[in-house]
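Each of the next two complexes has subunit A plus one more chain, namely subunit B in the first and subunit C in the second.
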Partner chain A sequence: MKRLYLLAAAAALIATPAFAQNTITIGFTDSVTGPLNVDSLGQTRGYEFWRDEVNAAGGIKAGGKSYKVKFVSYDDESVGGRVQQLYTRLINQDKANFLFSPYSSGLTAPAAVISEQYGKIMIDSGGAEEKPFEQGNKYLFMVITSATHYLSGAIEALKEKDPHAKLAMVYSDDPFSKDVLAAAAQQAKAAGLDVVLDESYSPSTTDFGPVVNKIISSNADAFLGGGHYSDGATLARQMHDQKANMKWMSILVAPADDKFAELGPAALGVTVPSQWEVQVSYKPQFGPTTAQFVKAYEAKFHAPPDYHAASGYTDGMILQHAIEQAGSVDPEKVTAALNAIDVTTFFGRIKFATDPGHHGLQVGHKMVLAQWQMINGKLGRQVVWPTEAQSANLLYPMPASK
Partner chain B sequence: MLGFIASIIDGVLVGLVYGLAAMGLTLIWGVMDVINLTHGAMIVAGMMLLYLLASALGLSPYLILAPSLIGGFFAGIALYWIAIHRMTGRPPLMSLLSTFAVNLVLVGVGTAVWGTALFNVEVSVPGFSLGRYTFPGPHILAAVLAAVIAVGLYFFLHHTRTGKAMRAVANNREASELVGIPTTRLLAISVGVGVALATVSGTLIGTLFPYTILSGDSYELKGFIVTVLGGFGNPIGALVGGVALGVLEGAVTPFVPVSWTLVIEFALFVIVLIAFPGGIFTRRRGGL
Partner chain C sequence: MVRRPFFWIIALVIAVFAALPAIGNNVEMRESLVLACVYITLASNLNLMLGYAGYINFGSIVFFGLGGYICVWLVYAHNWPLLPSLLAAGFGVSALALIFGLGILRLRGHFFALATIGIVEGVQAFAENFSPWGGSSGIYISPAVFKPFGGAAEALWVIYFAMVAVMGASLYLSYGIKSSKFGLGLLAIGQNEDAAAILGVPTPFYKALVYCISAFLPAITGGLYFFKSAFIQPSDAFDLTLSTEAIVICMLGGQGTVTGVALGAFLYEELRGYLLTSPTFADFQLTIAGVLLLIIVLFFPSGLMGFIYSRFPRTQKVLE
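Then we have the complex of A and B:
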């Protein structure tokens, strides 16, 4: 009997740690499998990199307590249909305190329906589409520039180089790309540029040969378009192979990945709107500088960070800042702190719209335009627009196919 | 007008490659009524082989067709013993499910190893130009090679003992067994040849476009349309079906918005299924 008491006492000792450890759980889904895997991986690495740094520094400090950060995540297989089920699970079963977005607009919109339903804060770095922010959501906050401004820089740069440029717009018919190009078409018209071709294609298109011929027939000298990944790369290669000889090409998303260099000469001169590049140098009010971020990231992952990694990291940093400002993990208090945020980080300025028609939309951050150029004999991206942020001069017209 | 002609020529070139990509699918169907859902994954296997050998060893992309053909043949034989052998003679859904399962495993392993990152193989073959429109050299060469491989398959099926035996098995398996044809071995060889056609077409497609581990799906889908156009189980019909599809894509693109191309393709798919249930270029059932 005595032995039993001793055992019970020992068990009680093990079960009650000397100091209660506070943790906050953050839930998200990422695309471990399926077509969004590459971009999603960058974003997830950004999340995890932030978590490891925060925990190494002792956690998030708020209201005299410190909270360790714990992640729960699931593979959404790049499919919108799974997202709602998984976010419901993250909230109900895994008791997530806060949420991060999945990658891409198509997946973020359904996830936001769930986060809003349960009154959970979701910080979004993966979906740039504006629609979810026009529906009166209260707990959804976007740290990246929204789709309508993706090509603003390209249009401005193009207008300066050639005020009479004729534009061909050919893009994937997914919600993000359509949003981006619809806004770009309006901005082009306002800038007095002529849009001579405006068409969308199915994401499963394999051969763009006839499309490229159509672009050539339209007598355009500038091309804006693309979509997500392999379609954008295929377009770039076929434009080069078929000697479309555009003076300007802006392609969404695909050229922002370092693997775009695989295309060799077909990549040269292609521009891509980017949320962030390793060359940008904002003066952060807190958190790392760009140089510190890049160095630590490369040491950990043995690869340079892309903008998805930087925006993922920013998700965490902004949530942490809001919790610290609120001095609490109470969702209403953190929401109020997020609404009041107006800060500059290594990722740029962050400020959320607070009017009910656009609540949570990013209004502080600005994108840059990057161009693939030869840097010391190797292909790499240079920031070419806006001029005050550029790391190299814009190549215009872009090099012709040989 | 020149643009239209250019698009038609482009359509023929790409169509021949579509046809080659569908040939393996329709051959396996013709011989044993099995829809091989690993077809897309095998096309990607051909692409990956191209990437690995071309970038690691610096081989010419066209030399890699040989290892792709041989490797594909043995992969096909393995596939037969793993996923198809015990399913022959059972309801078609069984082999559909088992090949689908193998497909998921292959794509899953591929994603784990390479991710869905982009691969591209640069090929420099001079093309020719028609006014402002250019036909890239790799497209012309791929189309010619696709036609050569198709002719080779025709001779194999009609002028070799094994080919003739394959056609006999397709026509009537029991009767072939009665005359002493080792049908199991021939079924395995048929899957081998079918998969070899898939990997070779993957290697050729890899010289034309950049690709990811998931690119196979689109070509498998195209393969089904081509198979329906060309006739189920008719490999040479598949080549004609492929050209028909390529020309259709080329011919409609200049006149309608690009997003309508798929709508028109699949509408045609339905019409052909209703009007010619066996395909336009089909011969009698089992006539491989």
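Then we have the complex of A and C:
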């Protein structure tokens, strides 16, 4: 009989973990396989880096308790149907308290169908399209600037330097680049700048000779366009080789890669819109400064962080801040805290749209504009816009090709 | 047909699919079985072309994607209810398939296979440039479309039962065709098309008809799938990987058999799902899947059903 009591006592101990640590489970899927795997990796590293730092500092403190952060994640193979299956599992089986979004807008929309019906908060840093935020979602929040504002900074800067600049826009025929340039064309018109050429090319284009000739004969002063790495880099090289002599060049994506330096003189003066760069100098209200973040990240991963890593880290940091402000992990209270957030972090300002037509869309954060300049005799990127984050002055017109 | 045990086996499969997740409101199981239904439907309908008539169709995904586009577009831009949108998708895609089929089914063997890839590329290029369908960024539909069903949670159940029904219809279709004169004609075409023609099988008509029929149910499944995702874009809708997977499933399960293809699709999806979420295998799930495929191809060349038939010859009488 005594033994039975002992057994019962032991069972009770196991069943009720009275001394168990409070944990918050955050679930997400990442594209380890499939076409999006490269872009997804930086974001995942950002998440994990944040988790390790929070746990090392004792966890998230809310309402007098402290919560350790636990991740559950699966590979979604970059497929929408799989995303729904896995988010259903994350919520029901793994009991995730909060969610991060999958990488890309196309995967975030299917995931939101699941997260919204369970009232789970999902923070998005991997998809820049606005459409998922126009569907009346209540618990979806995005920390990065949407595609529509990718080139807003470039247009502003250009207008300030030359209010009569003529623009040529030539860009890859993919959803993201088309969205970005369509919005930029409207903003240019609103700013009184003249768009003299507006064309798209197939993403598999390898020879831009005819395109460059068209740009030259359009008499444009400024060039905006590009798409992905290889087409953007080739375009920059051919613009230089054919002496297009632009006063301004903004190319999407490609110049944000350190490999762009291989172009040598063709890279000089080219600008790229970026969500974040290692040189940005915002004064954070909480969390690390950019310098601290970069140093700790490099020590851990032996590579400089890209903006995916920084925005992934920001996802976590903003969620943590909202939980701490709410003093609770109750989804409604945390949602209210997220709706009210207006803060500056090392990633920039974060504030979410709260009107039902755009709920959760990022309205605080601004793209920075980085320019390839000579730094101590070597090519490197400097942040030149907006002025409050700049690390060097903008060169305009860009150094002429020789 | 109703007197044959296989008819009731299919009925049992449908009942199990419908009942299992509904008991205890098991949504995780439902989400896993949804994908199994998609694979079974795609593979079974592909099997009509591949297994029966012997024509390799790399473009079966076109039916799925186009069906998805038509359905999502009708719901999104014209506020149609789901059911008529699905039917429009099914009939619309079948009609297109008939027109395409009359053209490309003049080709045989490798040339036909190449032409089907061309159709995928062509239709995808069309979708990418057709602005009412959102061009390359696709169509996002608001979760508000789920309201008529009582909300997203209820809508997902309705969609699931619809997908099970479509899957069941695919199995009955495969079975019905196989045991009909039409099916015998197709099998004859698969064996030797010239001989079949000489023996009086109207080959061009049969081929176009089977191509058209094999488009109907995948189009409806596509409609359901993308309605469920609330999003469709060309690169997802016309993903050649899914086409290839359907072919692999037919080969693995045993092309030309109803049971083998369905079982192959089910096992394929459940295995993938298990490997992806298993803490032990998640990091090298592709390696495991690859090794398993290799073992099956090397040791069971006639597919799962070939193995079962040779081991248990009696099953040939029961399992089609």
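Things worth noting here:
Just so it is clear, the second predicted complex is superposed on the first by the 330 of 402 C-alpha atoms of A that agree within 3 Å, B and C clash if a C-alpha of one lies under 4 Å from a C-alpha of the other, contacts with A are read in each partner's own complex, and residues count from 1 in each chain.
Keep this in mind: contacts are C-beta pairs under 8 Å (C-beta built on N, C-alpha and C of every residue); 3 or more make two chains touch, one makes a residue touch a chain.
This one's a predicted model, so the numbers in the text were calculated from it and none came from an experiment.
Contacts of A:D75 after superposition: subunit C is touched, whereas subunit B is not reached. By the touch criterion defined above, A:V211 reaches subunit B but does not reach subunit C.
Contacts of A:K259 after superposition: subunit B is touched, whereas subunit C is not reached. In the superposition on chain A, A:T33 makes contact with both subunit B and subunit C. In the superposition on chain A, no contact is made by A:T345 with either subunit B or subunit C. By the touch criterion defined above, A:Q275 lies against neither subunit B nor subunit C after alignment on the C-alpha atoms of chain A.
Touch criterion met: A:Q135 reaches subunit C, while subunit B stays clear of it. Contacts of A:D173 after superposition on the shared chain: both subunit B and subunit C are touched. Once both structures are placed on chain A, subunit A residues 33, 35, 173 are touched by subunit B and, in the other complex, by subunit C. Put simply, subunit A touches subunit B in their complex at residues 33-38, 41, 170, 173, 199-202, 204-207, 209-211, 213-214, 216-217, 229-230, 233-234, 237-238, 241-243, 254, 257, 259-260, 262-265.
Every residue of subunit A that touches subunit C in the complex is listed here, in rising order: 33, 35, 74-75, 77, 79-82, 84-86, 88-89, 92-93, 106, 109-110, 112-113, 116-117, 129, 131-132, 134-137, 173-176, 178-179. Subunit C makes touch with subunit A in their complex at residues 27-28, 30-32, 34-35, 38, 128, 135-138, 140-144, 151-153, 156, 225, 228-231, 233, 235-236, 239, 273, 276-277, 282, 285-286. Across the complex, subunit B meets subunit A through its residues 3, 6-7, 10-11, 13-14, 108, 111, 115-120, 122, 127, 129, 132-136, 138-139, 208-212, 214-215, 217-219, 221-222, 249-250, 253-254, 257-259, 261-262.
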